[in-house]
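One chain, chain A, links the two complexes that follow: it is found with chain B in the first and with chain C in the second.
So, the complex of A and B:
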């Protein structure tokens, strides 16, 4: 057997199973989603017998105030992404300066990352309740007479989720930033030192720009994850939350499909969500690829 | 950072009305919430289900992913780059966009009464893992593989004897993250598992907690959260150094 043929056989054999997975669990379902989004399809009936309705699902989706509200809420939660990024870069910088208990801090900050979002959602739900909630008890002990009604006032409800999401994700981004900082060659810092640059100046002019890939990665994964937010608002608040203030696009999708059995409409929501995530991911690959090409061009010079 | 967990633990030992009293520590140690949760839901079964969903499938899936990553990195087969890009396109499609047809597929195959919907998709590997492992294997010099070829190894033997040893840290790092992710999964089981006895512990506890949220029995709810967190915290406590180093290590490679 020639080299080429045997390489092909081994290669295809090794990648076969993931391809079966891709086709069966991703591509076929995705095509079904696209098709279903143009039909009136009651869940439980065969998709082949669903009636073609053209763009009706999309039209009723975009004219549905609930859908727009859910999309607005989902976008609003993304405020947490820049907050988390700023906090984690500060923490990482402090921890990376050889703080005494740096490793202990890493372990502590990473703990929320590995814990179940279900358990944590219930903890935050109870910490933020008006009576006996530890947050408002604390605020009142600071002298704040009327602490916010976190759980029932639509202006505050989203912040419960944002605070929790930032708290839960912080450890992971800190680790990424520390890893990034340790990858920066010390010659940059030595050069800056010789030039007499202060710590903050060095941080702003050397560390932050060199950490751009990490920041960009966190931003993109944050948007992708944020667009799919489901568990936290579902468990912390009941239904759509006070005055529809907490439910997300995925909750809208889930309820329409699995509770109201409107799988055609649900599929249309799923497709719009998929397009958003696809665009953000594609952007990341594009910019990453561009970065790689720049690197390669430099190497070849 | 850890205050929510500390608060959870102490609150779970308080009698119902004592949560309105000041002070973090319980004035009376009350274990009734734990007795309640153990008697009310089949926790042991829930944990066994969760283990079934997160250990064997992740081990098999990691092996499958590593094999594919090896092929993409080191075997020159026709069309490997285009095939890799096609595979990669899969991660651009988020789970919520395909969960409805997946559910229909599983229920047409009569699987939603059993555990298979949470096992089968993991067995075919994880595209993100293939992506990172392929990246990692690019650092393995071709000369090692050529030497093994001269010794008469076929590609599977090369993978098993040479590559697997070299990639163990990266493989373990991504395997652990995948394991934790599937341990904590909630959305997929609520859709795909229609038989209560097959539900993972997250779903069981969430149901228990939601029921007590109605009459705000906070200690019960916290006991539920404790049961969910303690096993993970113990595993994390044992492996923390290793997990964090692995995460740091893999994020550098990204």
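So, the complex of A and C:
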């Protein structure tokens, strides 16, 4: 194979620009953040004048009960991911049957996705108020005399966030699943029909497995996004929420960096959060890849 | 042709990548970004060109029009251009980012807790070097002292002036007199049977109705009732005596008990001292006796107060305009039927229950705070920026306008102690309370502004107060209920450790040590 520089040079030129962008806007700030995590860097001063403190920020972080609480809250919010995925699959299946006015429902379910999170947070805050809120008024009309204190009791506050996040994200997941379903070849369904398979069996054995790439994508992006949750808990609850029940790791990072001027500590929190998300994502890719390898081994036998 | 198209595409990509690195001079002129940053002005002194200043503040809409008018006069007088930028909610984080990037505006806000950090990082200039200091005599000396810092002795309140006060604010109680009137028979009965020493109003000698903790809790209980006369817009008929929260309103109770959050040199946390515990118990007594809004009620105390459902509530000098607007709106509050506000003093320790009203006047305290105008060290127009800061701080017309809008007291002491008190176009009626607080008679500086950061308070104390509320309200909040005494003793060691860490961080950063 001959190496033709004149052909490759344009390719390298195109690749160089985003590569420079990656270095300047991602890699260098990342390295600075790693360095800052080992310093006592107060925001407002140059990072080069920050004092080196070694592992002090990391030790302080892991021994800080508020950090551990924020991490626990962040992990708890991940419960919304499988809930959202299951609901999305069901809704997508219902909206992909070629029925009349199907597209109207698709638009309606997608509307929350494009609605301002500030407006949605305000509405949910009002809906879940124990004093005159829509949810509790409805529950009381069903005969439940002491409905939950959604906004005040730490056992319920996180569920308000989860319900809101699932409701808001449902639309985009549904659209992705519908696209995935429409990409499945009809020959599989025809063959299943010939063999006498019912709808549910077909759905379980053909549709769901072939939607695995979409599910995998939603799982990975859901975990990455969920780990960075900041806006919803901040808008719906004041401070860290009742008994510190709603604040996330990113809120903890933000408060320490911008309100307490501990950018070094904030960088350490960001690094640890990034490592956790990276490890979880890598594990997901490994498990998913192992599944593919097992399938390939079966085919080759 | 293909290569030409490829070349063009590469150039477009390169241009888009570099577009974000635009110069600060251009970004400084964009006043619509709402940015806490924006860069210093251009055209250094002596360059011959018209100087440009960037000012970044946050201000309400009615204030902006007045500021622009004043700045126009300044521009004409000094033949310069001032880019006046009004920032949004993210002012402070954006300012931090701008300072870190050496792109701060010429004039920006400085909080009391940030003085040392900015001085050590060489980000601000002392006004003693820029202005004739004698011209500052008309400003409240107590306000100027808040911005003094001596780098040699590391003492606040002494040395150079590093910012000029944008405002000098106080936070007293406010009382909705409409609710007092509705419960007049019940309160008079309490006075007649000796439970309360006097009616909640200023007496004929001008003495403020200063109550002890128990008296105040009793009064709040009497003011907690169902009011059928409230309009539907109030959302509920339930009225409360008060609705307080630790973060902002516990300090007056601690001071009223003779205690404090920190010792004199701000090196020791005092949560477990008898006076602090007494003050906090006095605060929770209102809850215990049923005179307070519930902590589980998600409608905030502020919203309830605006709806005429809370009798006593904190009132900062910045709140007065909003309260006055409701009081004077005849369409929603005809004849001040459900909202008629005035100022009130904070309560004091039960130890003073035997004192007559005259001797109680100097026993109560409320928080005093401020934010100032600082001049950037990187400004190429430092003297001009200082003149602008002085104008915004001490121009008579500006101060008169802001005070009449109910946004703040005049920064000019003579105006605050003279015209502000005697001219009836100012409000509210008992504004003497604010003046006394600013004079130092009934005002104390916010404790968290004395330390390098507020973690000893936020993480070390506030983060767990739900346990105390659960104990006194007898409501399950999913936490272990704890009495005030148990809680204060529990949090003391960790709060002290956080303060020690803050002191250590401060020492590490101090280049003058």
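Throughout what follows, the second predicted complex is superposed on the first by the 259 of 301 C-alpha atoms of A that agree within 3 Å, B and C clash if a C-alpha of one lies under 4 Å from a C-alpha of the other, contacts with A are read in each partner's own complex, and residues count from 1 in each chain.
Just so it is clear, contacts are C-beta pairs under 8 Å (C-beta built on N, C-alpha and C of every residue); 3 or more make two chains touch, one makes a residue touch a chain.
Keep in mind the model is a prediction, meaning the values are calculated, not measured.
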Superpose on chain A as described above, then tell me if chain B and chain C fit or clash. clash
Quick check on the superposed pair: does A:273 touch chain B, chain C, both, or neither? Answer first, second, both or neither. first
Please indicate which partner A:40 is in contact with in the superposed arrangement: first for chain B, second for chain C, both, or neither. second
Which of chain B and chain C A:152 touches, first, second, both or neither: second
Looking at the overlay, does A:20 come into contact with chain B only (first), chain C only (second), both, or neither? both
Partner contacting more residues of chain A (chain B vs chain C): B
Tell me which partner A:132 touches in the superposition: chain B (first), chain C (second), both or neither. both
Classify the contacts of A:258 with the two partner chains as first (chain B alone), second (chain C alone), both, or neither. both
In the overlaid three-chain picture, which partner chain does A:242 touch, first (chain B) or second (chain C), both, or neither? second
So in the superposed three-chain picture, is A:195 touching just chain B, just chain C, both, or none of them (first/second/both/neither)? neither
Name the stretch of chain B, from among 78-86, 132-140 or 150-158, that runs into chain C once the two structures are superposed. 150-158
What part of chain A is shared between its chain B contacts and its chain C contacts? 10, 14, 17-18, 20-21, 43, 47, 125, 129, 131-132, 258
Spell out the part of chain B that touches chain A in their complex, as residue ranges. 1-2, 4-5, 7-8, 11, 19-20, 22, 64-65, 67-68, 70-72, 75-78, 80, 83, 86-88, 90-105, 120-121, 123-125, 127, 130, 154-156, 159, 180, 183-184, 186-187, 191, 202, 205-206, 209-210, 213, 216, 218, 221-222, 224-226, 228-229, 232-233, 236, 240-241, 243-244, 247-249, 251-252, 254
Chain B contact footprint on chain A (complex, rising order): 7-8, 10-12, 14-15, 17-22, 24-30, 32-33, 36, 43, 47, 103, 106-112, 114-120, 122-127, 129, 131-132, 134, 137, 167, 170-172, 175-176, 178-180, 182-183, 214, 217, 224, 227-228, 230-231, 235, 238, 250, 253-254, 257-258, 263, 266-267, 270-271, 273-274, 277-278, 281-282, 285
So in the complex, the part of chain C that touches chain A is made up of which residues? 3, 6, 9-10, 13-14, 17, 92-93, 96-97, 99-100, 114, 117-118, 120-121, 123, 235-236, 247, 295-299, 453-455, 458-459, 462-464, 466-467, 476-479, 501, 505, 508-509
Which residues of chain A touch chain C once you look at their complex with the stated criterion? 10, 13-14, 17-18, 20-21, 40, 42-47, 49, 51, 60, 64, 66, 125, 129-133, 149, 151-155, 239-240, 242-245, 255, 258-262
